[in-house]
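Structures are listed in the sections that come next.
In what follows, chain A forms one complex with chain B and a second complex with chain C.
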Partner chain A sequence: MELAHLWGILFISLHAMVPITLAAIGESIEESAGLFNIGLEGILLLSALTGALGAQASGSAVMGLVTGMATGAIVGLLFGFISTTLRGSQLISGVGINLFALGFVALMLTVMGAPGFHSVAREVQVALIPLGVGNLSPLVLVTVVLAIVAWWLLRRTQLGIWIRAVGENPAAADVAGIRVNAIRLGAAIAAGVFAGLAGAYLSIDWFGAVTKEITAGRGFIALAIVVFSGLNPLLALLGGFIFGFFDGLATWVATYPGIKEIIPWQFVAMAPYVVTLAVVAGAIGRVRFPSALGVPYVRE
Partner chain B sequence: MASHSSTRTPVKKGDVLLEARGLSKGFPGVWEHLILDKLDFDVRAGEVHTLLGENGAGKTVIANILSGYYEKTEGEILVRGVPVHLRSPREGLAHGIAMVHQELMLVPAFTVAENVMVGLDAPAFSYDISRVEQKLEELVERYGLQVDPRVRVEELSAGQQQRVEILKVLYHEPEVLLLDEPTSLLTPHEADQLFVVLRAMADEGKGIVFVSHKMREVFAVSDRVTVLKLGKMQGTCHISDTNEEELTRRTFGETVPEYMERPAVQSEALALETCALVPAGLRKNPDAKGISIKVRCGEILGLAGVSGNGQTELIEALTGMVSPDRGEVWILDQNLTGQPPRVFIDRGVAHIPERRKEIGIVEQMYVAENVALKDYRKQPFSKATVLNRQAISDHAAQIVKRFNALVPDLWETECRILSGGNVQRLILGRETWRKPPVIIASHPTEGLDARAIRHTWELFLELRALGSGILLVSEDLDEIMSLSDRIAVIFDGEIVGTVDGKGANRENLGNWMAGGINRAA
Partner chain C sequence: MFASKSLKKQIEPIVESLLAGLVGLVIGALIMLAFGHNPLAAYRSLLLGSVGSVYSLAESLAVATPLILTALTFAVAMRGGLFNIGAEGQVYMGSLAAVSVGLLHLPAPFNLIVALLAAMIAGIVWSLPVALLKLGRGVHEVISTIMFNWIAHFFAFYLIANVLTDPKRGDRTISIIESARLTRILPTATLNTGLFISLLTVAIILFLLWRTSTGFEIRAAGYNPHASHHAGINIRKQVLRVFLIGGAVAGLAGAIQVMGRPPYYAVMSGMPQLVNLGFDGIGVAMIGRNHPIGIVFAALFFGGLMVGGRIMQFDPGVPFELVRVIEGVIILALAVPELRRQFSRLKGRWGRKE
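Right, the complex of A and B next:
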């Protein structure tokens, strides 16, 4: 195997790492505060569409990313409002987000005249950084930085203490003067922004197109990574890279002459999902979650 | 926040630090009276002022209002003579008022220092943990509250966690410290240590409000005492101007009998027996010989102990909720070890649980449904799987009436809106109306008023006379000593001593509860 192939696998892995990790970081923050949003997949899908539309309308990739983040923020706000003020079931509203996104994106793609597929013009895609051995998306670097920042925020700031206290013991946080629902709402919006960025990245950076299957379960894999990482954004980055690697490996095996004829690509394409299953099965019971995760807070 | 206190002018001993005038609080609908009715109360620098009252008297509500957690309905709060409006615990702290809640308000996964940081009013992106740890070490030194700021709270004992709660509020250098039943998780010895700390804080010029319903503690620590009954003041006096009998009468309306007289146990038949029982979920102690107790028919066995020493796990094994790790459970000479709860229920084991809102009732279901919860499968309450609503209504109405439960409607009132005392009345009715041969009662009178407590005690003695074997689990030694034919003390998952109820020595029991190993027969 030539060196170029190794670079190729590494780059694919890094690019595949981005959306999963971004969504997982946001979800780590949200779950630290006690909310559990199973609707990540839906947010990814919605913002992949709105991000592409935003980029085309404005003619700017950055504006596309911003549109994706704004979409995520709005859905996050809605989810946060339902989960705090209305004390609704987080599971149901999360499932609702996913179902809505499935239907809405498929409908929009049809309305836009390209059933199931909508490509994004190259000019409004995110510009890659040429590195000689290959082109790297700047969002890879952004993801690494954000993982570190999120870790610092949760573990090394006063705000992080408040967020985690709200997730562990909201009554204790309340008597200490923390506005429990405000923190939770903020965390839900933050998680939405992260997932929105991840979704926009899918369409206007990595794939350069929107399809109704563009997310391919990445939102759920992100949830699995959160379990694996025990709400630690740095471990989420590592987990994201591992899954990205299997994603990359699958692509490489499916295209490499001499191997692709021996191993059916369908099997290799399963790899990231099988690994997810194995890792989560191993992590469950070992990892500890906030005590009040998923439980609405009511005073008195 | 901490800076506020240093800028305040110094206080002289005897200055009024915090005062409430005409304080009232009502909760609409649910309660039979105002929770607080025009209360006047003050605390002065250098004193420990005890708020004494039975459960439900409104003590916790006052403390919560004075600390800013609850809103008052009416009245005035003055800090050093200046009226204030406290909208949150943080505003209370800013005025130098701190509260230690009855339930532990800690994050178990955090260290002691991190728990303190939860309450800091610091910038969001700051992180001053080393300063917090340093200041905590100073406080530990100053008040002798031994605890390591770097240890996770979940690794600490209940007594140590209580110290963390106090450190947490002392960190803000409050002038007034409100403590709501701070000894409920402590052994008598740990409680005495706490009183030394409270005295030291009072001597520094702080005002201490100590909330309690235990007479012994009142005399151990207070300078003044205010008695509350059903939300109304019964007067304030200096501790030297009163005595235990007078306070008891004012608090409970009558003196509590030391021991309720009854004929000796007649039967030798066993209602309940355990053989070397090791319930599931106990801290692993490989040397544990397990719990062996016997309750005869027509006998009340009191099980005393500080909570968390295995009572909950024992009861789970005795009611079939959780299969024990080792040992056997015999009910009326049948080995029921490992059987499900329904078998225990059908054999006549009644269960009055401690966590009544969690496992005593279904909060979202109506009163009548909850009353029929253990009988709905039997005639006349149902026939061929169809419920007989009329029979259930009649039955529920009877129980509600007999136990004086305050219930707006049998089929429209969800149990979640009832007060703890009313829920307990329903549970007592449901569990005892069949006159079951075995009764397992955990804290059966918690949250009841004096009259209801007396009724409950009389009911237990009546059932005892009819041949019920009763296991009474309680932290309240008064209740155990008044009711029990024999008293067993549980410590760390084992029975450390058993004595006759009549003439039992409180000090001995206290020692055993604290783990003093004196394994009498």
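Right, the complex of A and C next:
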């Protein structure tokens, strides 16, 4: 194996790390506040579409990312509103978001005249940074910075203490004067923004296209990474990289002459999911989740 | 007085589902308006296309048949307090197990029953590890079932392309052997005796959940695990039971979908007749409020949407995908217990004005 291949695997790993890690960071904040959103997959899918549309309409990749984040914020707000003010079921509304996204994106792709596939013009895709050994998306750096910022926010600031307080013991937080539902709503919106950025990254950066299957379970893998990380954004970055590495390795094995003939591509494609299962199964036991996770807060 | 109260308790979920359905259809109509379609024309063609003739009603029932089963998988788990979204992958495994029975060259009378059993076992094989991971390592079933769905997806692709491939046609598996095929009920429609298998399963689950001690223990564990544990119910055993039943039923859905589907009686590459059965089943279970009888009606409603949606696509030209958007909105509306409360408050206010 030549050095160029190692660089190749590293770059694919870093690019595969981005969407999962971003979604996992947002979800870590949200779960710290006591909300569990299995609609992440749907947010990724919706914002992959709107991000591409936003980039094309404005002619700017940055605007595309912003559109994706705005989409995530809106869906996050909806989820947060149902889970806090309306005291709805988080699992059921998450499933609703996923089904809605599946239908809406397929609908829009059909309406736009390209059932199943819509490519994004190269001019409005995120510009890559040429590094000599390969091209790197700036979003890789953004992801690393955001992981550090989110860790600092959750573990080192007053806001972080409030967020964890409403997740751990909402009644006590309420007595202490913290507005439980406001914090939870904010966390839900923040998680939506992170997932929205991740979704837009998929379509206008990594793949350069929108498809119905573009998310490929990445929202759920992000949920698994959150479990692995124990709500620590820095460990989510590590988990995202491990998954990204196997994703990258799979892509490499599936295309490398001499290996692709021996191992069927389908088994290679399974690897990231098998690894996620193994990692989560290995991580549990030492992880402790907020006491009030998934439970709506009702003032007595 | 007491009787009327329990009657009200039984009607409440039905009212909730109808309300949510209404919200879904209204928002669907708004989306159609936004795209410049006439929602009334679309819903008219959807209604006629789904139940307007014997043929279309039979097609709606045919679509409902596997959805009843995948919804039961989800509902049994929900009754046991577990969130099993693994039917999707178990359906793939079940259908391929049914196909592979053709390779065994059994005496003809055995084929049908062996194919159904093989599918149930395959579903269980794909379901049980989820229970074991939960019990052994504390892995949440939402995460493990989704991972197993994706592993099943690629494993099925491998089997279709490399192992069970039709030697004459590379784009599908070998066909179910004739002695294992389910009989059509009408000469033209795809509706087949699989419907009776689905309905029989509904009856069995209904009996199991509300008339046996096994069912009582599952429901008790779901209702209040702490109290059940102190009452001597083995909670871990219920997790195993739920995934055992769920896997078998989802595997059966996969088998029916290939054993009763003319003209090829084979799994096509890309699995168009199987993909999303598990996920749509979740929606059906939620609309049917996780009750076997409710699920039958919800599946028929959803089958009608799917079949009518195809007609709607041609007549007023509203894309078929809108159907799933409506389903998503219905589920979101169902998540909100406040919806009904707000609605009855509104009704009360109007009532006072009159």
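A few points about this structure:
We adopt the following convention: the second predicted complex is superposed on the first by the 299 of 300 C-alpha atoms of A that agree within 3 Å, B and C clash if a C-alpha of one lies under 4 Å from a C-alpha of the other, contacts with A are read in each partner's own complex, and residues count from 1 in each chain.
Going forward, contacts are C-beta pairs under 8 Å (C-beta built on N, C-alpha and C of every residue); 3 or more make two chains touch, one makes a residue touch a chain.
Since the structure is predicted, the reported quantities are computational estimates derived from the model, not experimental observations.
In the superposition on chain A, A:Glu168 contacts chain B only, with no contact to chain C.
Looking at the shared chain after the overlay, A:Ile178 reaches chain B, while chain C stays out of its contact range. With both structures placed on the common chain, the touch criterion links A:Ser58 to neither chain B nor chain C. Number of chain A residues touched is higher for C, counting chain B against chain C. Of the two partner chains placed by superposition, only chain B is touched by A:Gln158; chain C is not. Shared contact residues of chain A with chain B and chain C: none.
For chain B in complex with chain A, the touching residues are 69-70, 88-90, 93, 99, 101, 103, 105-110, 114-115, 117-128.
Across the interface of their complex, chain A is touched by residues 31, 35, 83, 85, 133, 137-140, 142-144, 146-151, 154-155, 157-158, 161-162, 276, 279, 282-283, 286, 319-339 of chain C. Of all residues in chain A, those touching chain C in their complex are 38, 78, 82, 86-93, 95-104, 106-107, 110-111, 216-217, 220-221, 223-224, 227, 264, 266-267, 269-270, 273-274, 276-277, 280-282, 284-285. Across the interface of their complex, chain B is touched by residues 156-159, 161-162, 164-165, 168-169, 171-178, 288, 290-291, 300 of chain A.
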